[in-house]
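Please find the structures below.
After this come two complexes, each holding subunit A, first together with subunit B and then together with subunit C.
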Partner chain A sequence: MESLLSLAPRFGKAMLVTLALGLSSALLGALCGFVLNALRLRFTRWLSRPYRAYIWLVRGMPYLSQMVIVYFGLPVLGLTLSAVQATVVSLAFYSAAYFAEIFRAGWASIPPSQLDAARAFGIGRAAAFRTIELPQALVFSIPLLANQTILVIKESAVASIITVPELTMTASEVVSSTYTYIAPYAMLIVCYWLLTQFIALTARRVMKLIAPLEDA
Partner chain B sequence: MSTLPILQLRAVGKSYGATRVLQGIDLDVMKGEIVSLIGPSGSGKTTVLRCMNFLEPYDEGEVWIKGQLLGYRSAGRTIRDRDSEKGLAEVRRPVSMVFQQFNLWPHMTVLGNVAAPLILSKNASKADARKHALAALTRVGLAAKVDAYPGRLSGGQQQRVGIARALAIEPEVMLLDEPTSALDPELVEEVLSVIRSLAQDGMTMVMVTHEMSFAAKISDTVVFMEAGRIVESGPPAQLFGNTGTPRLQQFLKPWFERSLSAPISLEGRVDTI
Partner chain C sequence: MSAPDLLARCLGYAPQLLDGAVTTLYLSLIAVVCGFFAGVFIHVLSASHNRLLAGFARTYVSVIRGTPMLAQLLVFYYVPTALGLPLPGVMSAAIGLSLNTAAYQSQILGAGFRSIPRGQIEAAQTFNLTRRQALWHIEIPQVVALTLPALVSEMIDVVKATAVVSVIAVTDLMRVGQQLASVSYRPLEVYTLAACYYLAITTLLSLAGRALERRIARRT
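What follows is the complex of A and B.
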């Protein structure tokens, strides 16, 4: 117990790093995913194949390999990123595929008959996107977005390999300097659990706020 | 007073791949006229209706709304350029629609549903849209439900919201696609009575319906369709007068039997009491 408490400050700091890393990657990934889906909807004819190729590629590769390509591969092309930058970029690139699919599902959840009505009343495509599809698709997507954000936070552990001082890296350091396993890994579990609970509860609160009619 | 039809269909045809779903549809709808489209399922009634506002693009012939060609840049029978989204919306402007499944927007309140087309397509101010929407909802007897969400209303109420939405844009023609088919029998009448009152006010309407008695009473013209063609059209007395084509008579037979047997069986019951 005492050793756990002595580890707290260090893990607290690392937890903030993981949170910042995970949230900024998820935010960037969600933004890219949203734009990807919006473009796919608008330019279906030209973009549905490239879109599927991107999803196929990103989902088919482990995140680790994508991070390695960004961190060790891009410098070959003259673009050198810090470990943190490389993590955020690669994690955003990776999660954007999943986020795009979440938005695709959100849009697919809206019956086409609602858009028939929009067209019949002369509501343009852009206005229908903004006022009819977006609000409903977002409400549909929130639980899935929270879920994906949790996955991104946990996936950020891979960044420990390129020495980003986040939770997993911190746990490994403690292990290798003290040769104790139980306390640092127990601490690691608790920290990840706290982070994921934070995301889950935030999502639930947002859901209650914007869609009080839906059963949470 | 112009004698130009509000809505004019000339040799309209449509195919899904190799299947021809509409063929040679000619129809004029004059101001104040009420036209009912009847016919068996799959005969193309709903498709014709949806071609009238280009929800379903027709690929042969022409649809004219107040003398303007709908959906294409030029008339003729060859491959034609589609009109722009803006141009289409402009030509379609006098036409509004009521859907079989209501097609309300569930995330908007009743008032929001009725006001949305005014704000998003007619560029009305919010206050103006609100006023018009409220007037339309009062017209269908739902002024008390403005803040409710569609999901909390009965089917009949939802369809009346649908009608209010179609009314609020002050259309010159209303297209009604089986407006009572998705309703419980006891909710049908509240919707029919709203439509009846619109008819009394001289609203021009084209309606796909299976309510034969209603169509017989309310229509100026009844159009009987089968297999993508108009088989027969004329005043209700002609079509429902048991003098139509054999196919029409066969189609109407169950309705004749029901409407004849209902009063007789009632009398029978009275006799036995």
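What follows is the complex of A and C.
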């Protein structure tokens, strides 16, 4: 118990690193995924095939293999990234595919008749996108977005392999400097669990806040 | 760097990468099969009237789903060693992956179990089938057919999750890729090639899954 407490400050700091890494990657990934889905909607004809190819590529490979391509492979082409940069870039590239699919589902959840109605009222396509589709699709997507953010935080553990000083790396460092295994690894599991529970809880709060607005 | 050279090198890497792919595949297979039975067991626990058992099952699923596979793998590799029971890497990997997918599969199967009408279980009781017989002969076949798409997608996730076992010195596809990259000094092509092997495995699995779904759909 005492050893657990003495580890707390180090793990607390590492937890913040993991949270920052996960949230910034998820935010970047969600933005890219959103733009991707919007472009796919706007230029369905030209983009639906490249879009599907991108989704197939990213979802068919483990995140770890994408990360090592970015970190160890891209320098061959003259693009050298630091470990943190490589993690954020690869994690955003990877999660953008999942986020894009979430937004696709969000837009698919809206009955097409709403767009017909909007057109009948003389509302332009861009205005309909912004004021009719966007709010509904976002509300639909919140639980899925939170879930994907949790997945991104969990994938970020892999960054310890390229020595990003996040939770998993910190646990390994404590293990190799103290030769104790159980306390650091127990701490590691607890920290990740707290982080993911925190995200899940926040999402549930947001849903509760929004629920009354939806009925109105 | 000409194209024929690149092709020749890629063919040169093939024997080792295929070896790694075989390890990845059999680890995934063990995990999916063991995880299925463990998943059924966890579902039975979570559906039991014993509060303690149900609570244990819920906590198990929450912790496994709330923490990274890599962290779980480190626990299953180093903690037994610390307790004086060192396990070989492959063993820890198989146990870790099985226990991980068990949590996800229990959730998938749970949805299937809930969709089976109560009447069927009551009918089974009237015919003097034991609870266990009803589970394996009446519920499970239907649940598997119902949840097949989700189970196939979980299988693909397991294949992708196996990549982290390279960290505990299991020579899977990813590890072979790392070894080849450090010997050849050509990380870009080796890692891209390894990623293509993963892509081939997951694509084949998803095609096979879809074919199986169509066959089941035709039969019912």
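Note that the second predicted complex is superposed on the first by the 211 of 216 C-alpha atoms of A that agree within 3 Å, B and C clash if a C-alpha of one lies under 4 Å from a C-alpha of the other, contacts with A are read in each partner's own complex, and residues count from 1 in each chain.
Note that contacts are C-beta pairs under 8 Å (C-beta built on N, C-alpha and C of every residue); 3 or more make two chains touch, one makes a residue touch a chain.
Predicted, not measured: the structure shown is a model, and the values here were computed from it.
After overlaying the two complexes on the shared chain, residue contacts for A:175 are found with subunit C alone; subunit B is out of touch. Applying the stated contact rule after C-alpha superposition, one finds that A:201 touches neither subunit B nor subunit C. When subunit B and subunit C are set side by side, the one touching more residues of subunit A is C. After overlaying the two complexes on the shared chain, residue contacts for A:135 are found with subunit B alone; subunit C is out of touch. Interface residues of subunit B facing subunit A in the complex, by the touch rule stated above, are 53, 55, 85-86, 89, 92-93, 95-97, 99, 101, 103-107, 116-117, 120-122, 149, 151, 165, 169. Contact residues on subunit C toward subunit A in their complex (touch as defined above): 62-63, 65-72, 74-75, 78-79, 81-83, 159-164, 166-167, 174, 177-178, 181, 186-188, 191-192, 194-195, 198-199, 202-203.
Considering their complex, residues 56-57, 59-66, 68-69, 72-77, 150, 154-158, 160-161, 167-168, 171-172, 175, 180-182, 185, 188-189, 192-193, 196-197, 200 of subunit A touch subunit C. Those residues of subunit A that touch subunit B in the shared complex are 113-114, 116-117, 119-125, 127-128, 131-132, 135-136, 139, 213.
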